[in-house]
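Order of writing sets the labels: A, B, C and D. Residues in every chain begin at 1.
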Amino acid sequence: MTPAWFMGGLILGPLVAAALAFTFPKRGRGMACAAAGVVGIAVTALIRAVLGGGVSSHRVSGWGAPLGIDLRADGLAVLLLALTALIAVAVTGYAAPYLRATDSPEARHRERYFWPLLLFLWTALNALFLTRDLFNLYVALELLGFAAVALVALEGKGDALRAALRYLFVSLSASLFYLLGVALVYGQCATVDLALVAGRAQPGPALTVALALMTGGLIAKAALFPLHFWLPPAHANAPAPVSALLSALVVKGAFYLLLRLWFEALPVFHTPAAARLFGMLGAAAILWGSINALTQSRLKLLIAYSTVAQLGYLFLMFSLMTGRDGGFGAWCGALLLLGARACAKTAMFLAAGNILRAAGHDRINDLAGIAQVLPVSAFALGLAGVSLVGLPPSGGFAGKWLLLSAGLREGQWWGGAVILVGSLLAAAYIMRVMTRAFTPAAPGTAVRPVPPIMEWTALALALVAVGMGLAGSWLAELLRVGGPWP
Amino acid sequence: MIPQLLDGTLVLVVVVLAWRALNDRDLFRGVIEFIALGLLLAMAWLRLRAPDLALAEAAVGSGLTGALILSALVRMRRREQAAAGQTAGGATGPRGEARGKNHSRMVLGALSLAMLGILAWAALSLPAKSPGLTAEALARLPDSGVTNPVTAVLLNFRAYDTLLEIGVLLLAIVGVWALRRGDWPAADLRERLLLLSLLRWVLPLLAVGAGYLLWIGASAPGGAFQGGALLAGALLLALLSGLGKRLLWRERLIRTGLTLGVLVFGVAGAVALGWTGGLLQYPTGQAGAWILVIEAAALVSIGLTLGLLYLGGRPEEK
Amino acid sequence: MFAIGFYSLVVQTHLLRRIMALNVMGSGVFLAFLALALKAAAPMPDPVPHAMVLTGIVVAVCATGLALALADRVQALEAKEETPAPETPPPGATGSEPEDVG
Amino acid sequence: MNVLSLTLLGVLFSSLLTGLIIFFLKEESHRLRTWLNLLGAGLKLVLVVALLRGIYLGKTYAWSFEFLPGLPLALGADANSMLFVTLSTVLWFWTTLYAVGYLEDSPHRSRFFGFFSLCVTATTGIALSANLVTFLIFYELLTVSTYPLVVHRGTAKALQGGRVYLTYTLLGGAILLLAVAWLYSLAGPVPFKERGAIEGLMVSHRRELQWLFLLFMAGIGVKAAIVPLHGWLPRAMVAPAPVSSLLHAVAVVKAGAFGIVRIVYDVYGAENAAELGVLPPLAIAASVTIVYGSVCALFQDELKKRLAFSTVSQVSYIVLGTAILGPLAAIGGLVHLVHQGLLKITLFFGAGNYAETLGIHRVSEMNGVGRRLPLTTAAFTVAALGMIGVPPLAGYVSKWYLSKGAVTAGDHWVTVVLAASSLLNAAYFLPILYRAWFLPPPEKWPAEHSFGRWETHWMLLAAPLVTAALVIWAGVFAESAFSPLAWVKLIAAREYGP
């Protein structure tokens, strides 16, 4: 078995499963499990291959760039693939009982369409992480966007539909911006392969505008402040497992692409000014998102705004990537943060889903007694909060530490200050929720039971988020494979 | 001289029409202008020496998209009228644009103009002559199994793109079905014998035409997408006349048809992986046959998908 | 065209117009691709952008289909909200009856 | 991985694992939980004794693990760590016993004991950290694991107290994180070393080091409750009595004091710190805290609140000892780390017994408790007298070395502070003792429980008696070879020796 097999499995597995899940609507969950199996094996094997033999590339259809499309699995790609697999598997486990909450036509309908859409989303993410081709990325982005929008709309309520429509408009126009950028790149470099573009790129108006267009589109998709407006309604109104996927993975897909663009395809444009611009936007996102999270009255909205803030940390990294070690510390920090936060966010949304199920609402002020009824979910929420705030030994701490020390080493004090203030604000909004949750319930509050697997899935992910800090060295070793530094 | 003049006029008309289509006070007229725009664009593509695309644009970009928007417009209008009738006040008419909006309009307009300027600047800075990938593509054309370079790119050089694209098509129909129940025709037109007999002739013709486009796509403009669009037209005719009703009631069959493209393409990718060790890498010398099989499956799926997109929703589900 | 489309997208409020605006934007991008393809000096235009545009057109029609379905649901919802509890469902709104979920 | 590092890890894991298991125990499995608790505590005790013996025999214990690239998570056992780890392990054992008795029949015990164990794990981790980053990690872990204990009762007051606690400690934690990250960017992970690890920066980064010292003190000072960072401590006393013991004597406040000791002695080095001129401000802050805490304590009627302010005051003795240059003051400060722990835990056990057995929460209700609970009150009395500094009890030893050290260093004003503080101590403790022993008991106690044979539950009784005995031992046998004082002298000799 060669890496080509694993890459093929990563893409064809969920894609074919999605098609089958649509053809046989009653077998949706089975298909998801089968895809999870295939992807699980492929990802594990690919990680081993990357750790053992370095970057592995594959030329699809045997042609190779510039004519064909190349796939490439380096440390960054396999890390995100593994993260996606982990979260998708958790969501699969969670969604099965979640979708069968009631035996109504609505529930049946939702279950029919959830699985194929989930599998499409998974395909799109895997394709996005593997491909090296800018145009292919466009197709993958569209696949991702459509699946995400359809999943949001699956909730079927008015707010969810409106949010989905807004999301779709943003996503489509952002894709077109991106595509126009690709056209300009092709016009200048006569190729759309990341590595070849890097070789042929010369600073000039065409590439500057191209990069600006692509970045603009991707920033909108990644919901970086100030283009984040679509995110909170979409994430807060979607069904819980969907919110988890969107928040943990979908926005990160666009961020991943930005990394590839700025650090691999067109590193010539990563000037201090551009870096500072990203850093400022990131800092603004952290503060704006956190402050908004603090004032929300609904738990899911709070988590969604916290996602806006967390994305800010990732962009802060752009301004810290100038260090003596080639920015490796900041790079690792941001990606560790990404991984830990993805798990934490998933755990939080799943726990919020449990609360919603049990109490029938997610108003923060009326959460009293939840810790008694759903101790495991409350615990998951708390643990995920620990990672979000960045307390040790969580992955959030490790990432924050790396970013902070990179910032201090480079003398970027304001970055360090924002990171600290951001984590204090995070502590404040987490504490607000936890305090309510631990207040004893008023007598006579009726709650619906929640299947144990839904609670334990949330807890498991929160534990991964916390434990990820201990695997920091290993993850850094993985990230070093094929990264953009000497 | 005359071609340049023609081109200039075309560009001018396209731009004006684009503006009119989006900003016409009457939405209905806007949609019609939008369809006309699509047809003009098809002509423009021809002038840009892209006959494959002209075909696709005329059928898909203008025809199908236009039909989709038009039917949506009719549906929305009817609903608005119904609502207006019930509230007896007509409160649902287009909301009056507030005066204050003019301000932001100006700003946004200026922004768009600035963008236009920047884009033009960037476009003018591009090298006047760029070899692109023509040379590479043509050099490899003999190995690709087909002689139409566009088909070669689509189904061999960049077949992976197309695989994902077929995935997008399927996803679109899944998404639409998840959203709403379609306006599946209930009327049976069997009374109208004349129409029926006409259709009996036309439909097979269209199907054969689709097959022909697919076949010819290997060497000349055409291919699965253009053929699929034709098939979609046939399907629509059949559906609207009620002929296709019995066929469509068999839900499993439709679903299989819709997924056929992805399944065959995906399985082909996997088989190729086992055969040659490369994802979607066709065995030497057999590329033509592989492409034909994949395209045939894709044709069915594309046709069905595009046709059913028009209905805008899922059928009755058991 | 890209600029016109973008302007209309952000200015217009009607959902259909916005969807059309997206299509116009898309056409602008395709035009750019095809113009690039013409720059090839070889005997024929560059086929690679052609293939990309073909892909783009198909993706665009999918997007339109999805957007229309979604817009229709939203519009039906708004019509329903503006109509205080209709006793009989309005004709023609078959796609969005209360029993039509998801 | 050899036996030595296994022992080291064993000290951590003996409570970590039991804690994790306890989380998943059913609420009803009372017996199993109790046995697990005591097993963990006992095992830890045994391992610590083994560790002590090993160090006595000249073995070095070290374990490290690359947590992030270039950032080792390192454990080790030096003289300083052993002082703290022994103290917390011994006290934890008795606190566990006490807590089991105290919390009989209250809800959510699995949660409580789970976090209880995590808390002591973090404390042990702080003690055994061999570098600054590891210290930071366990320090924050301690914050997180104590919060659920503080709010355990779930009442509005408890939640409020918990919120204040978390606000203070997280702010402190953020400042500490900043300081550690800053120092890391200058000097790497900074292993703890006698006489300091920053020698190389003394000339080139003088100004930075001074700022850093301020940040460190501000960050750690929160847990050590230095005025004005002490606000959380009196409010956190809403927690159940065993938690208060933990907060005040075993873990949190102690971790803060220990942290200051670490920073001054093993990061900066006492002489370097003195050279930078950062010690006098610290000494002044400590003195202010000592007097201020005592004065506040004087005006509290609520017993636990009075004890809390007393803690604010007493912990700064340790800081004061650290801030005065010279081996004698160092001895006084360090030995008070142990002594204050023994004294304060006894007092809190006593206060807990009054509350649990008789429902007494206020000083004004304590008339005649000595007759109803003679053994408890005896232990309480020993500890109170020790606090005042009555010879030959433990507190006397600390105060003697402190004032001696101050005089040697030329800081005569410190003796005034110490004398004033002792007077104030007497002023707020002696009335309690007077009430307890010499005033007649009321007709009826606020809420009396009967526990059969003994004056109260045997577990509640055993713990204060043992700790009171330790108080007497630490004072009377101070000059023997196996006393806290002897160990502390060893540390001071290494820090200040030739």
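Observations on the model:
Here, contacts are C-beta pairs under 8 Å (C-beta built on N, C-alpha and C of every residue); 3 or more make two chains touch, one makes a residue touch a chain.
Just so we're clear, the structure is a prediction, and the values are computed from it rather than from any experiment.
Annotation of subunit C and subunit D: jointly contacted by A, touch as defined at the top.
Core chain by CA centroid proximity to the global CA centroid: A. Among the remaining chains, D is positioned farthest from subunit B, on the basis of C-alpha centroids. Here A-B and B-C are compared, and the pair linked by more C-beta contacts is B-C. Measuring from the averaged C-alpha position of subunit A to that of subunit B gives a distance of 31 Å. In this assembly, the C-alpha centroid of subunit B lies 11 Å from the C-alpha centroid of subunit C.
If you average the Cα atoms of subunit A and of subunit C, the two centres end up 26 Å apart. Subunit B and subunit D have centres, each the mean of its CA atoms, that are 73 Å apart. Within subunit C, the positions touching two or more other chains are listed as 2, 6, 32, 36, 39, 48-49, 52, 55, 59, 62-63, 66, 70-71, 73, 102.
The residues of subunit A that reach two or more other chains are 67, 109, 113, 135, 139, 142, 146, 149-150, 153-154, 180, 184, 186-187, listed in rising order. Counting partner chains per residue, subunit B has residues 119, 123, 126-127, 130-133, 137, 157-158, 161, 165, 168, 171-172, 175, 178-179 touching two or more of them.
Pairs of chains that satisfy the touch definition comprise A-B, A-C, A-D, B-C.
The part of subunit B that touches subunit A in the complex is made up of residues 118-119, 121-123, 125-127, 130-133, 136-137, 140, 156-161, 163-165, 167-168, 170-172, 174-175, 177-179, 252, 255-256, 258-259, 262-263, 266-267, 269-270, 273, 276-282, 317. The touching residues of subunit D, counted against subunit A in their complex, run 66-69, 71, 111, 133, 136-138, 140-141, 143-144, 151, 154-156, 159, 162-163, 166-167, 170-171, 173-174, 177-178, 181-182, 184-185.
Partner subunit D is touched in their complex by these residues of subunit A: 328-329, 332, 375, 386, 389, 391-393, 397-398, 400-402, 404-405, 408-409, 416, 420, 423-424, 427, 431, 435, 438-440, 469-470, 472-473, 476-477. Those residues of subunit A that touch subunit B in the complex are listed here as 2, 4-5, 7-8, 11-12, 15-16, 18-20, 22-23, 25, 58-63, 66-69, 71, 109, 112-113, 116-117, 120, 123, 127, 131, 133, 135-136, 139-140, 142-143, 146-147, 149-150, 153-154, 180, 184, 186-188, 190-191, 204-206, 208-210. Residue ranges of subunit C in contact with subunit A, taken from their complex: 2, 6, 9, 15, 18, 22, 25-26, 28-29, 32-33, 36, 39, 48-49, 52, 55-56, 59, 62-63, 66-67, 70-71, 73-74, 77, 81, 99, 101-102.
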